[in-house]
Structure formats: structure tokens, C-alpha cells
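Next come two complexes, and both contain chain A; in the first it sits with chain B, in the second with chain C.
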Partner chain A sequence: MRALLDVEDLRVSFPTRTGVIEAVRGVSFTLGRERLGIVGESGSGKSQTGRAIMGLTAEHGVIAAGKLDFNGTDLLKASKAERRALRGKRIAMVLQDPKYSLNPVMTIGRQIVETLRTHEPVGRAEAKRRALDMLAAVQIRDPERVFGLYPHEVSGGMGQRAMIAMMLIAGPELLIADEPTSALDVTVQLDVLGILNHLVAERGMGLIFISHDLRLVSSFCDRVIVMYAGRIVEELPAARLSDAQHPYTRGLLNCMPEIGTERHPLPVLDRKPEWKT
Partner chain B sequence: MTPALAIEGLGVAFDDFVALEDVSLSVAPGESFGLVGESGSGKSTLLRAVAGVTPVSTGAIAVDGMILGKRRDKASYRKVQMVFQDPYGSLHPRQTVDRLLLEPLAIHGFDDTEGRIVHALDEVGLGSSFRFRYSHQLSGGQRQRVAIARALILEPSILLLDEPTSALDASVQAEVLNLLEQLRAARQLTFVMVSHDLAVVTHLCDRLMVMQNGRPVEELASADLAAGKVTQDYTRGLLAASKGFRRERSGWS
Partner chain C sequence: MSMMETRKPAGRARRRAYGRLKSVAGFLVVVATTYLGLLAVTFFIGRVVPIDPVLAIVGDRAPAHVVERVRLEMGLNLPYYQQFWLYMKGVLSGDFGTSVLTTNPVMTDIRRVFPATMELATVGTIIGALLGIPLGVLAAVRRGSMSDQVVRIVGLVGYSVPIFWLGLLALLVFYARLGWVSGPGRIDVVFEYTFTPVTGFFLLDAIINRDWAAFRDILSHIILPASLLGYFSMAYISRMTRSFMLNELGQEYIVAARAKGLSEARIIWGHALRNAAVPLITVIALSYAGLLEGSVLTETVFAWPGLGLYITNSLQNADMNAVLGGTIVIGSVFIAINLLSDVLYRMLDPRTRTR
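Right after this comes the complex of A and B.
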């Protein structure tokens, strides 16, 4: 099977007044039509990896890679216009907090229709019908009503469903979800993950799920990449998370409190400088 | 024994919106009590009402047997201190750590401010090298330590913790949780902690109350929750949700 995404030696760095900050330092992986989890703590470069693939790295950031290939398209050589055509149409991204990622002065329906009509030549009525279908597909009970609401009028869970609807309406082949459920309540989190799981499986998309929550990622994805300080320290099948070898992964698993186990004090992570190399 | 914190029929309303209705609970001295619920369940409002930053509509709050009236005196504020969720928002961006810690001392007229600030920083594991830094020069975990130091510098008897670790990385969360436990043991503090994370609450608290829509659902011991001895469906749902995502769940369609 041909890989959907092929990343080789990806590097993202930001020149600053006090020197170059290397956010991502040589990340390589391939993605098929599967669910890949990227896990790491703040500053590990997980979000910058996703943004580099999406083409949303900040203007002054420098991207270098041996290979950054999306389904035959060389993303490194693609022009801005080509990247724009890909973005939203073939690669889509769901961000963490719907409060900030939705346009506050546009109704939810109009935003979804805008996405669709940017990428496909469809008429107004047709676009509206498809937007309503999509809202129904993300388990919104009353799509007609939600279509006309502004983002501040809906709950976090509803907003994130609308966001997913907007991202999936153009039928992307790759979905990058950057902490899609971190801003939501636990019970809502599961609903949103269920919807995401269902739609990704049904449409045969590739999914990159970026999160700080190792357990959540491993329960949701097929394969997990663990990042530390801009590098991949370990890659393993999600089902075999308990067999993790790297001390960082093990430490991360260990330091979380668990219901029903009494560990006082909790083991803390002893960061070794050699993990960075 | 007089409870450290006793709440009777507490209600909080903002105009027509009832945020909290008829909540009663009692926390013994040195105990650690957890409040669990989803957003909008009123758990933070309850903490804020105890801290005195949200006006109480009905009911009574008593700290160490003393009922807190509509107008509280300074001493009663000192006894109850709060640590907020977001360490990026709860520290003044243009004040040094030293200034941040001096402010509560000055308000409450403490002596030996110098010694107290040095001691407070030591106690939370920061050391005096952090004393003249600004909050933007600190990491999230370090900021939360400063927020804890600021709360403890007034020697309160009750510490109110509003999601103290939910903005932190897992490894930093473990460090802060350990610090809180150690401080509670050393100072015989009473904790009331709000969290949406059942694992964190059962780790730190002996008993907890589950809340929904501003009302208490159930009050139970952490051990019972861990053993699955719950009586309410809502609690059961929360417990199931905290176990993570399961593929077969998606069979809803």
C-alpha cells in the first residue's frame, strides 16, 4: 500500500534574537489510512509537526525535510497557492478549542458552507443541504437550528462537533486533530471521539491525533509516536503501550494517578539529558 | 469536633440563573475533600463562595465553627486561601515573585516579610533564586508553585484548590500533587479541591462530592468510588468516561 503521508527528517526551527530554537529535530514517519497518535508534553514539538504538514508554521519559521510527501505531492516544493488548495480540501485540521478556532461573527452554518464552496463548485442550496447532512453526521440532533447559531451560542462539545463537520465536509484524505478533546468535559470527550472514530473509519481517512494524554491516545489510535524535545523517542503499536521501552514513555505512564491504586507520593519523571540526543 | 468547613443549604444565584442550589457538606480538620463534576456543575462557584469572591444568596458557611457573615473581616479571609486553575492568568504579569508574595503579607499586616517570603519559596521547592523573577520567566509548574506559596504564606487553615493541575503536563502534575500532599501533612491543612479528573481527586482526597447542574448528586469516599460502589447513574457515567475511550463504544450509530 502506498503511504498517504511520508515524512523524512522533518526539522522546524525558529530564529530568535537569542539564537535558533529547534522545535522539531529530525522527525520521520509514514502514515497510511490509519490512526496515528503523536504524544508529548508541552514543547515536545508535536503541534509544530502537525502544523508543518498542514503548512501553518508561523511565517518566520524554517522548515527543512528530507522528504515531505503527501500522496505524491511534494509539500516542500508546493507553492503557496497549491498549499492553499490542499488545505481544507485534502488535508484538514481540527484544533483544540472551538471557542477560538471558529469565527465568532459568522454563524456555524455559514462557516461550513464557506469551507465547502471554497473547494467545490456547488450552489447555495446544495451547499446548505450538504452542511445540514454533515451536522447530522456529527450527531447534532437539530441541524437546522444549529446551522443558524453563532459559536458563542453553543456548548464546547457542540462547537467541536461543528468544527469536525466543517473540516470533513470537503472530504479530506488526511485529518490532523491537535488536542481535539482537551477543552471538553470527560463525558463529552468520549462522544466527540466516538464521532471522530466513526467518521474516520467510514471515510477511510488517515488521522494524525496529537495529544498530551498518552492513555487517551493509545485507547484511540492504532500506532503511537512519543516525542520528547523535538525528536521521536519511541514508536509502538497502541495496544502494546505497556511494553514501552523508553524511560520517558514509561515515566509518563507511571506518573499519572490512577483510580484504585494508592501511590503516595507519585513517581516523578527524572529527565535525563541524553534523551535529547 | 468542630468541622474545619461546614456548609448548610448553600445557594448562589446570578440574577435569574441559579448556579448553586441547596448544597450542604462538612469537612473535618486535616481532611481532603474533592468536588467533581462537569463544566457548569457549580463546583467552582462553591469554592468561590467559600473564598468570598462570589456573593452567597442563601445558606451559611462556617469556618472552624465561625459563621461567615455577609461582611467578613480580614482574619476570616486569611484563613481560607485559594489556588486557581490557570497559572498563566493568576499571577500578575508585571510583578516579580517577591512582589506577588509581599502583597498578601502587606494587606494582612504580617511582620518579618523578608523571612516569610524566603521560607515560602523554600517550602514549595523553588528556592530564593526565583525571588526576583517575573512570572513569564517561569514554567507552568513553577508558576503554580508560586501560586501555592502565595496562598500558604498567610498560614491559612483551609486551602481551596480549583483544578490546580489541569493546565500542567502529566509529569509536572505529579510533582505538584506530591508537593500538595507533603504540605498538607506538614501543616495539617484542610483541602477542598475541585477537579474534573476523577483519578486526581481520588488520589488526593479522602471523600468527594459529585455535582451536576448546581446540585449535589452523591457524596462518597474515594475508596468506594475506586471500588465502584456508587449509587447514582451519573457518577457511574463519569467513572466509565474516566476509563478512556473504547472502540466498541462507537457502536451507537
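Right after this comes the complex of A and C.
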């Protein structure tokens, strides 16, 4: 199987007044049409990895890589316009909190239609019909009504479904989900994950699932990458997470409390400077 | 939301109509209260200033019995609450008394001077917004760049240079030296007998009369003072636009819009500015209301027969009726503009709409 995404030695750094901050320091992985989880604590570079692939790194950031290849397209050589044409059309991204990631003064329907009409020359009526279909596909019961609602008028779970609809309507091959359920109530997290999983499988997309929730990632993805301080410290199939070798991964796993066991004091993550190298 | 969903459509419509009625009623209460406050303050000012309204009318050489009779006629012997009642009745029926200075009813004077000020303020605000918004957007998008600095310096100059100085300078250059525009006043004396004002807004009147020669002349009179006022409101509007835009451009929905593959132009004008427009409405409305007070300095420099000049002249001649009348008009304008910006706010921001 040909790789959908091939990342080799990706580095993202931000020059600041006090020196260069290296957010991502040499990340390499390949992705087929599978579900890849990236876990790590805040600041481990997982989100910046996703944004670099999207081409959404902040303007002053510097990206360097041995290879950044998306389905035959060299993302490093692609012009700004070419990358923009890819975004939303072939690579899409779901953000964390629908409360902030949807435009508050535009109806949900218009925001979904906007994605579609940016990438495909479809008429108004056709675009609306497809947006309604898409809303139905993310299991919104009354698409016609939700189409005309503003983001503040829907719940978090419904907002995130609308977000997924907005990002998937142009039929991307790769979806990067950056903490897509972290802002949601636990009860709706599973619904949204279920929808995401179903759509990814049905459409044969590749998925990069970025999260800090190790258990969620291991139950949801095929493969897991554990990042620490901008580097990959361990990569392993999700099913074999308990066999993790790296002390950081083991530390993360060890932090998860289990029902029925009393542990005092709670374990604290051990961070050794040599892991950074 | 779930409450709304289960409700029958008829119930929802009734609820919505009720909500709208309630918000209109709320509006009216706010307006009435503000207006009552305005009247109370102007009434109070009229009583505490050391100007005897009787002497202002009869003059200080009138015999005592005349003074006494006029005092009774004016109701000044009545208790204050009755005086206030009479005052309120008068004001609400458009009677502000007679101006000592012009001997006209104050209302007639204001009908003459206020359109002049309003016309100037409107053209000025349009210029200010048309220049200020794009400049502010440009400065925000190219933050820290050369164009950002230029916009900021231009804004700073607009903020700090005294308008009378700039006005005189502009007259000297564009009127006296280059002759590109007409000088002081609203319209040339040539048109004094042929031009008949209808609304008092001369540009509008010229269009109504289809008097294109007059229109050109009026335009060449208004363009200089309006540009100056426009420059000052541009300075304010561009600065505020810049900061609102920076705030919006840092939001997550902008990242989402980029992730959708939208063009930068669409993101800036269609998404960020659309959101920044909500607070901008208030800024532009306030700056417009400020200009409607009539800027005394501009009106003096350009011999513009507006409200600012009228009130200042009246004040210097202790013409209290005219001053208070002008104050009430300005207050009413502020209330009206605030209401208008409230309505616009609701139109632009769905979150503030009552459901």
C-alpha cells in the first residue's frame, strides 16, 4: 500500500526575542489509510506537527523537513496557493472547541456550504442539498433546522458534528483531528468519536488523531505515536500499548487511575533530560 | 433549545412576537427615562445659572412693575415641580422659547442650523469610515510592517493636531493657493436667490431641485471641512478597526477558515471584518454623534452656520433659551444614535437577538 503521508525529520521552530523555540524536533512517520494517534502532554509538539502538515503554522514559524509528501505532492515545494487548494479539499482539520472554531455570526449551513463552494463549482441549491446530506451523515436529526442555526444556538456536541460536516464535505483523503473531543462532555465524546470513526472507515480516509488522552487514543486508533518535547519517543500498535518500553510512555500509563484501587500519593510523571535528545 | 424544540410552531411564533414586543417596550422605557433625565438636567441648569430670564427679556432698565408682571407671565412664581411640568410640556411640543439674540423662536433657529451641522457630520463620518476601516484592516493584517507604522502615524497626527490650525492651513493651500475648492460658507452668494432649501440638507436639496450647478458649488464648499472632520474620525476609526481586527484574527474560527482552504481576502473581509463590524458600529456611531454636536472650531474656521457656532454665540450672549434648546437637541440626537446602533448591533450579531 502506498503511503498517504510521508513525514521525515520534520522540524518546526519559532524564533523569538529570547531565542529559538523548537516545537517539533525531527518527527518521522508514514501514514496509510489508517488511524494514527499522536499523544503527548501539552507542549510536546503534537499540535504543531498537525498544523505543519496542514500548512497552518504561524507565519513566523520555520518548517524544515527531509520529506513532507502527501500522496505524491511535495508539501515543502508546493506554493501557498497550491497548499490552500489542498486544505479543506484533500487534507482537512477538526479543531478542539466548536464554541470558538465556528464563526459566531454565520449560520452553520453557510459555513458548511462555504467549504464546498470554495473547492467545487457547485450551484447554491446543489451546495445546500449536499450540506444537508452531510449534516445527516454526522447524525444530526433535523438537518434543515440546524442548517439555519447560529453556532451559539447549538450544543457542544452538535457544534462539533457541524464542524466535522464542514471539514468533510469536500471529501478529503486525510483528516487531522486536533483534540476533537477534549472540549466536549464525556457523554457526547463517545457519540462524536463514533461518528468520526464511521466516516473515516466509510470514506477510506487517513486519520491523525491528536490527543492527550492515552486511553481514548489506544481504544480508537490503529497505531499510536507518543511524543515528548518535540520528538517521538515511542511508536507502537494501539493494541500493544501495555507493552510500551519507553519510561515516559510507561509513566503516562501509570498515571491513569483505576476504579477500585486506592493509590496515595498519586504517581507523578518523571521527566528525564536525556529523553529530549 | 430543547424547550424550543418540543414547542409547537404556533407557540413558538407567539413567543417570538411576545419577545419582540417586550424588547420594543424595553427600548421605549430606556428612551423615556433617558429623556426625562435630559430634561431634568437642562431644567436644573436653566435655574441655577446666574442669568435672570426676566431681565434677559425686559432689559435691566425696565421698571419694577414690568419685571414683576413678566415674572408672573413666565410662571417663575410657581413651585419648581409646576415649572418643570410647564417646561416639559413646552419642550415636548417643540417650544424652546424665544432666542434673545436672534428674536426667533429657538426651534426655528435650530431647524436652520442643525441640518448644516448634520450634513457636515454625515459627509465627514462617511469619509472617515470609508478610509478608516480599510486602513485599520490593512494595519492589522500587516501588523508591525511599514504600512502599519504609516497608518499609526497618520492616525496619531489626526489625533493630536488642533483642527483650527489644520483647517486654516487647508484653506490657505486648497482654497487660497490652489483654488481647488470653495472657501468658507455653505454655498456661494450667486445661488442665494435661485436656491431654495427644502430639507435644509443642501446637497439633498440640490438633487431634489435638479440644480446641478448649485450641487457642484455646495460640494466644493463642504468637501474641505468634511474632509477635515473625516480625517479626525478616520484616525479614531482606523485605530479601533485595527485593534478589533487583531482580536478577531487571533480567534480559532480564523484557523478553521484557513483549514477550509479559504482565500486570505475571504478570511479577512468575510470572516474577521464581519465579526469586527459588531463593535465597530458603536465606535462609528459615537464618533458620528460627537460630530453632530457641531464642532465649534471647524464651524468657526469655515464660517459654517451650524449648531456648534449657534450655541457658542448664544452662550456668549447669555441667551439661555437657545443654549438649552441646543443642548436638548444634542441630547436627543445622542439618544437616537444610540438606539440606531443598538438596532444595527442586533442585526449584525445573532447572539444579541432576543429569541
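The rule is short, and it goes like this: the second predicted complex is superposed on the first by the 277 of 277 C-alpha atoms of A that agree within 3 Å, B and C clash if a C-alpha of one lies under 4 Å from a C-alpha of the other, contacts with A are read in each partner's own complex, and residues count from 1 in each chain.
Methods note: contacts are C-beta pairs under 8 Å (C-beta built on N, C-alpha and C of every residue); 3 or more make two chains touch, one makes a residue touch a chain.
A quick note: this is a predicted structure, and the numbers were derived from the prediction, not measured.
In the superposition on chain A, A:G88 makes contact with chain C only, not with chain B. Within the superposed three-chain model, A:L269 lies in touch with chain B and out of touch with chain C [touch as defined at top]. Of the two partner chains, chain B is the only one that A:H198 touches; chain C does not reach it. Of the two partner chains placed by the overlay, only chain C lies in contact with A:L102; chain B stays clear of it. By the document's definition of touching, neither partner reaches A:I232: not chain B, not chain C.
Applying the stated contact rule after C-alpha superposition, one finds that A:S219 touches chain B and leaves chain C untouched. Shared-chain residue A:G156: touches chain B; no touch with chain C.
After overlaying the two complexes on the shared chain, residue contacts for A:M54 are found with chain C alone; chain B is out of touch. Of all residues in chain C, only 1, 251-253, 255-263, 266, 271, 274-275, 278, 348-351 touch chain A in the complex they form. Residues 38-39, 140, 169-175, 177-178, 181-182, 196-200, 202-204, 225-227, 237-239, 241-242, 244-247, 249-250, 252-253 of chain B are the ones that touch chain A when the two sit in their complex. The residues of chain A lying in touch with chain C in their complex are 54, 56, 84-89, 92-93, 95-97, 100-106, 114-115, 118-119, 150, 152-155, 163, 166-167, 170. Listed in rising order, the residues of chain A touching chain B in the complex are 41-42, 156, 185-190, 193-194, 197-198, 212-216, 219-220, 251-252, 255-260, 263-269.
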